[in-house]
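This is the structure, below, for whatever I ask next.
Chain lettering (A, B, C and D) follows the sequence in which the chains are written, and residue indices restart at 1 in each chain.
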Amino acid sequence: MKSLNVAVIGSGSTYTPELVEGFILHGKSLPLKSFRFMDIDAKKNASLAAFARRMLKHAGLDVSVLETDNLEEAVNGADYVLAQIRVGGLSARIRDEKIPLKYGLIGQETVGAGGFMNALRTIPEMMKVASAMERFAPEAWLVNFSNPSGIVAEALQNHTNVKSLGLCNIPITMAKEAQRLFENEAADCDFIGLNHLVWMTGVFLGGKNVLPDMLEGGLTFGGMKNVPDMGFEPELLRLAGGVPCSYFNYYYYPERMLHKCLSAERTRGEEVSLLEQELLNRYQSPALEEKPEELEKRGGAYYSYAAVSLVDALENDRRAVHVVNVKSGGTTGFLRPSDVVETRCLVGKNGAEPLSARTPPTPHVVSMMQTLKSYERLTVEAALTGSYETALSALMLNPLVGDYHKAKGALDEMLLSNRAFLPQFEGYFLREEKR
Amino acid sequence: MKSLNVAVIGSGSTYTPELVEGFILHGKSLPLKSFRFMDIDAKKNASLAAFARRMLKHAGLDVSVLETDNLEEAVNGADYVLAQIRVGGLSARIRDEKIPLKYGLIGQETVGAGGFMNALRTIPEMMKVASAMERFAPEAWLVNFSNPSGIVAEALQNHTNVKSLGLCNIPITMAKEAQRLFENEAADCDFIGLNHLVWMTGVFLGGKNVLPDMLEGGLTFGGMKNVPDMGFEPELLRLAGGVPCSYFNYYYYPERMLHKCLSAERTRGEEVSLLEQELLNRYQSPALEEKPEELEKRGGAYYSYAAVSLVDALENDRRAVHVVNVKSGGTTGFLRPSDVVETRCLVGKNGAEPLSARTPPTPHVVSMMQTLKSYERLTVEAALTGSYETALSALMLNPLVGDYHKAKGALDEMLLSNRAFLPQFEGYFLREEKR
Amino acid sequence: MKSLNVAVIGSGSTYTPELVEGFILHGKSLPLKSFRFMDIDAKKNASLAAFARRMLKHAGLDVSVLETDNLEEAVNGADYVLAQIRVGGLSARIRDEKIPLKYGLIGQETVGAGGFMNALRTIPEMMKVASAMERFAPEAWLVNFSNPSGIVAEALQNHTNVKSLGLCNIPITMAKEAQRLFENEAADCDFIGLNHLVWMTGVFLGGKNVLPDMLEGGLTFGGMKNVPDMGFEPELLRLAGGVPCSYFNYYYYPERMLHKCLSAERTRGEEVSLLEQELLNRYQSPALEEKPEELEKRGGAYYSYAAVSLVDALENDRRAVHVVNVKSGGTTGFLRPSDVVETRCLVGKNGAEPLSARTPPTPHVVSMMQTLKSYERLTVEAALTGSYETALSALMLNPLVGDYHKAKGALDEMLLSNRAFLPQFEGYFLREEKR
Amino acid sequence: MKSLNVAVIGSGSTYTPELVEGFILHGKSLPLKSFRFMDIDAKKNASLAAFARRMLKHAGLDVSVLETDNLEEAVNGADYVLAQIRVGGLSARIRDEKIPLKYGLIGQETVGAGGFMNALRTIPEMMKVASAMERFAPEAWLVNFSNPSGIVAEALQNHTNVKSLGLCNIPITMAKEAQRLFENEAADCDFIGLNHLVWMTGVFLGGKNVLPDMLEGGLTFGGMKNVPDMGFEPELLRLAGGVPCSYFNYYYYPERMLHKCLSAERTRGEEVSLLEQELLNRYQSPALEEKPEELEKRGGAYYSYAAVSLVDALENDRRAVHVVNVKSGGTTGFLRPSDVVETRCLVGKNGAEPLSARTPPTPHVVSMMQTLKSYERLTVEAALTGSYETALSALMLNPLVGDYHKAKGALDEMLLSNRAFLPQFEGYFLREEKR
């Protein structure tokens, strides 16, 4: 069995020990030769690398951990590249959360105006990762969980030649919860949607879909840590014919969520900032040789499990079903074949093949997916071209934005405050300065 | 040349003299045998019929004017049926305008939550008109301008066997304004969209589309009387690649429009109520033998012209281009062939054949049309079935509504206050009472 | 583990011992309670049942074998229904082979005019099987390999509520040959097409498609016994971007195949008739307790393997990939979602989910599939309605027929000579008699 | 009113006097400044130009007639370019007719293997015309009737930037015949199909489609001179839901047509050759000042009428309905928007806008159009790229070819004998020589 080289882009993240633990647990089926930890923050990277070395040693594994701030060095010869970058760091996230609020818009790192700005910052950096891989690791797989994961996948899969998959922990978390609820690990869950706009539309047990009977009860699944879990009305479950993921709190109750954001003492980014500092301190303790429990508060349940299982399916040709973000092919019937969706896939050596939903989508689902995908396509175009008009056009289609005055106000201020991270918009900035 | 029988459903409307004048002006190409004036308000009907008789006599035309409150009598033997009904009268319209405001939603008779309720009241009555025609005038054409005209057309063309066309005065008003602006009556204007969601996407002069050059200037066309004309930013024109109709004030500036509605002394319905009273008084003057100028304030510019020209094209096989609401066939490429759109058509004896847009729609146009058409399809289904869930599902897709709490609040109160006009929802009301 | 009841419809077939052997080999994962052998030929059925009992006893399995000529009795309580009927027996097949030849058309039991007549006879009988299952075994799976298997699947999956899959041994035979050729059992083969119109368009080894390099060589795969294997020119492989199945001899070399048929001493049906007689004699020997080697000459390599593996995947939720005939969903992009195709599927407890081809189809493949599917749809309609015009319309679209005079000549004579098996055409026969 | 410059490419054709007469008859609405006669055969060109001058003078029109063998000179400053070229002349046509017969294939100049070879010769030359227009007359319209007109239109409209329309006299001839039959010039005929694969699927009189009632009678319309008119069986009319054009003799009775070709004393090309010689002699008579009656035998009924009416509709913004070859847009629903079809169009200053068929196409029509369009797309690709494999692939999809051995035999010999006219295949020829 071949030993693998795994590059982690953004290894300074506090999530990294999750990943390391995942590979330790899969040590037999996924023997590693090296980790390549790449981060632009050398100090954090050193700290995480040191902790990773202790974890690996503790597990009795002989795996080198390379530290670097050079993308090409990290990627060269890698078999898998796992990306979890946050461009601009938490301070950029906090700006994404706060600026939109001034204009009456929800600020959040993946949906609405904040997620949009995050995409504008993240996509160009991920294109660089892909470009390095095209040259130095053309056969490697790129597994991305940098947010907004779905939009990043839309960009990578349509604008690079790299083999890549977009990953999110929401579907697996919802599936695990369904399996727990039905006390049956064989429960086979259907999902339809886009990343952070996904519904669980089926729970198959013994050949029967038992979900429809459940929809009367209004049960909520998969309350992520990042968004408060409020429970959806049974009516909302029925109009979608399924269980919405927790991010639908933003789409179904925008007014309430806006007020929540406005009245919160701290944004989620600010909270995370505190948590991260604690975790980083904790990681520096030489005595710590395993993933600490505190990490779970951070909100990435099952991320490592999902990521390493996916690598296992690819590497060992498992031909197993995973829910990932890939081009839809013709599987939805109402989006373009090139549109990236979050869907069940058969995953093996040759990649991820999308499966059609086994239950026909309701008009509600079709319409929301069409609207959000129109927004996502334009967002990718804006991120790649730096066109102000395309950016405005994208925001106008986002159902959490809509209003021209709000869109323009938030966009102009966000662009300006992110100038350092938006080289593709430099032409726009220069034109504005000349006015 | 055959003399025609023309039924006017809702003839008690103050617009009726417009129609009568239109037929007087087309006397040569469209000789009439009779008008059949049908209205449930016998008093108004008598007044309008008397005025029509004076107008016809003044014009030297020998046309009988039948008054009736019986649909079958009006329709039997008719060659054309023109419908301009307002179910529940102006008081229902005023409720449509006021109730949504309580929940933070725009109230308006054709768009948003108010237009939705109007559709629920109007569609069942128009189905009765169609049903009477199927039995008593199966060869006749139904031309409808009852609002919301596009949604009514969606219902009539997909759920009856009657030959029908949906009409609105917005496209012709915008085209006239373009022709005036370019000082060229041959200017040939392209339109794409749905009723009250339509863009003028081309102005062809001598084989060239001169609109793109104009889009920089941000000119506004066709400021209807019903909505204040504020002018759209050039950016908004460019993202649609065309000039939006005035109703886009609601879609592009919802916050501003909401505040306008909230701060207005009177709703448009209340204003119209005053105007109507004046007009009705005026019509009763025995000396009045022609359409009074005051009628123009009412806001239906070119309605009569559009309607009578359309009848002329049908009757005399003109094979001329009119913008009407018909099934799209495959002409858009992104809606279903059965979806009704507002589009240029070749109109002759055999009906109206939709033409494809000559300029490809921008992503903005595609997405907005898809979203609104999803809403319209569900609205028609709710209006026909009386399903509360479908009604809620429709409102949730309307971009002027969205929020679950607002949608539900407004829907519940509007349904209750419209119970007399919603027989299809009686099952729902009874279930609610039993709770 | 649940013991299964398996009904075999058409159990008098000489192939039956294959099936019995298959279940014996899968005894552990698929424990049987009973076989229900249903055939209208009681004598053959008795002979096959007796042989099956000897085989089961020899294998040490306690499985009852019920003999019946009653469909409901066979189906009632069955978990799986396997159908392998031949309506009209071999004498009907021989007529299918001979009549078309008189009109210059290829006679064959699955393609061309002969296969068409076979469909007209077989579909109504399979509808009866489905109808019995709807009443007496609504949860059971129907696995059909009665020919023409693809057209029968098109009928069953679009016109009954039974859970069914269409099976053919061609894809598995081609895959086995590819695995043998590459000396690698993990070779993962892509297929695209319809039944008996299928191409192997990929052979994935270690994540790479190695087929394109092979296409230069013009290798032939899966030479079935039923059609002579002549080898295809490399040009033909390249225009399809894959290896055609052996039935393409008819589509690519119709003239040569027609001459072969015309000059053959015996039709394939006549040969099979002799083989079957030998086999039936052999089966009667009380000493015979295992499938005799002679059976392999008959031409159904891997049928039993394919069928029983498929039952295993369904029953034991294997979530394994099988190539079967199912509705395409949106997976092809150029056929209707309801069109049945022969494609890779993920098969488990909940049925078979179609996978998209991993290599885009060439224009040649698209066009041939569209043409043949148009033919198949009309064939199903003709088989269900008994419409002469639809039958003629179907034949005119078959690329092996085309010519009106040939189509009409062959159709008229075939219908007449099959009258006993075509109750749905009785109206047509009566009208013809009255002329 | 602007005076026009009209270029005629291939003016040495004996059809040219038809065109000249057409412009003479439209003298008032289409005043000409000049004709530019371009032909590579200077002698024929001189003769036709001289005759044209006599015709124009006789009509009292002051129009110059320029003779040239230079494409750029002809096109420079032209308002309309009419193309009627025959690459390789009649001797190439006669080869197209004769070579396929050796291989058991129909030889004809527009359908089957012969039409295919004609396309390979004609498309590159028409690309040169378009290229000259792009540089020297970018605003001019190109109206092409060079055969195979539909395939040439497919190439021009998808691979050049020139404004062009493909024209054929079949639809207008069929419509005229229908109008004659119904004794009503207002009969409004529907057509669906591709060039030389077109059906008349509706005849609307007073708002009713009267064709369905007629289909029982099996009437034939529009028997072109080029193909013998044999009358189609009512069954064939019903399966298409319309009247096939005369070229369907090839598709419906290929065997009979093949025998007709094989047993004919002369091919149509050889007959035309004799006719042309007579006509050319006739044209040289200085006394001849009008189009001679003999020209009608040649077979181009209504060509001039169709062409000049079309120019009139374009130039004078008639917004009239013409049947021409244009991109389908979404109008068929089953072809690609970029596929060129022969369809009713609204024609005015801005070009030709396709109209949807008013009667839904039968499965027969859909399938035949899909098959032939697949063939046409590949033919255009082969003509543009000179790929031997694409050429073979195209021929294999042509329903009049199919068989590999016939296709290859005919293709190889035709290519070789047309080498002088196929510069794009020179690479292929060189590779073959080296073998």
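Here is the rule we use: a residue touches a chain if its C-beta (ideal position, glycine included) is under 8 Å from a C-beta of that chain, and two chains touch if they have at least 3 such contacts.
What you are looking at is a predicted structure, and each value in this text was computed from that prediction instead of being measured.
With steps allowed only between chains in touch, the distance from chain A over to chain D comes to 2.
Centre-to-centre, using mean CA coordinates, chain B is 45 Å away from chain D.
Between the CA-based centres of chain B and chain C the separation comes to 57 Å, rounded to the whole angstrom. Taken residue by residue, chain B touches two or more other chains at no position, since every residue touches fewer.
Inter-chain contacts, as defined above, occur between A-B, A-C, B-D, C-D.
Taken together, the chain C residues at the contact with chain A in this complex read 139, 186, 188, 204, 206-207, 317, 319-321, 329-333, 337, 346, 348-351, 353-356, 358. Chain C meets chain D in the complex at residues 104, 233, 235-236, 238-239, 251-256, 362-364, 366-368, 370-371, 374-375, 377-378, 389, 392-393, 396-397, 399, 402-406, 408.
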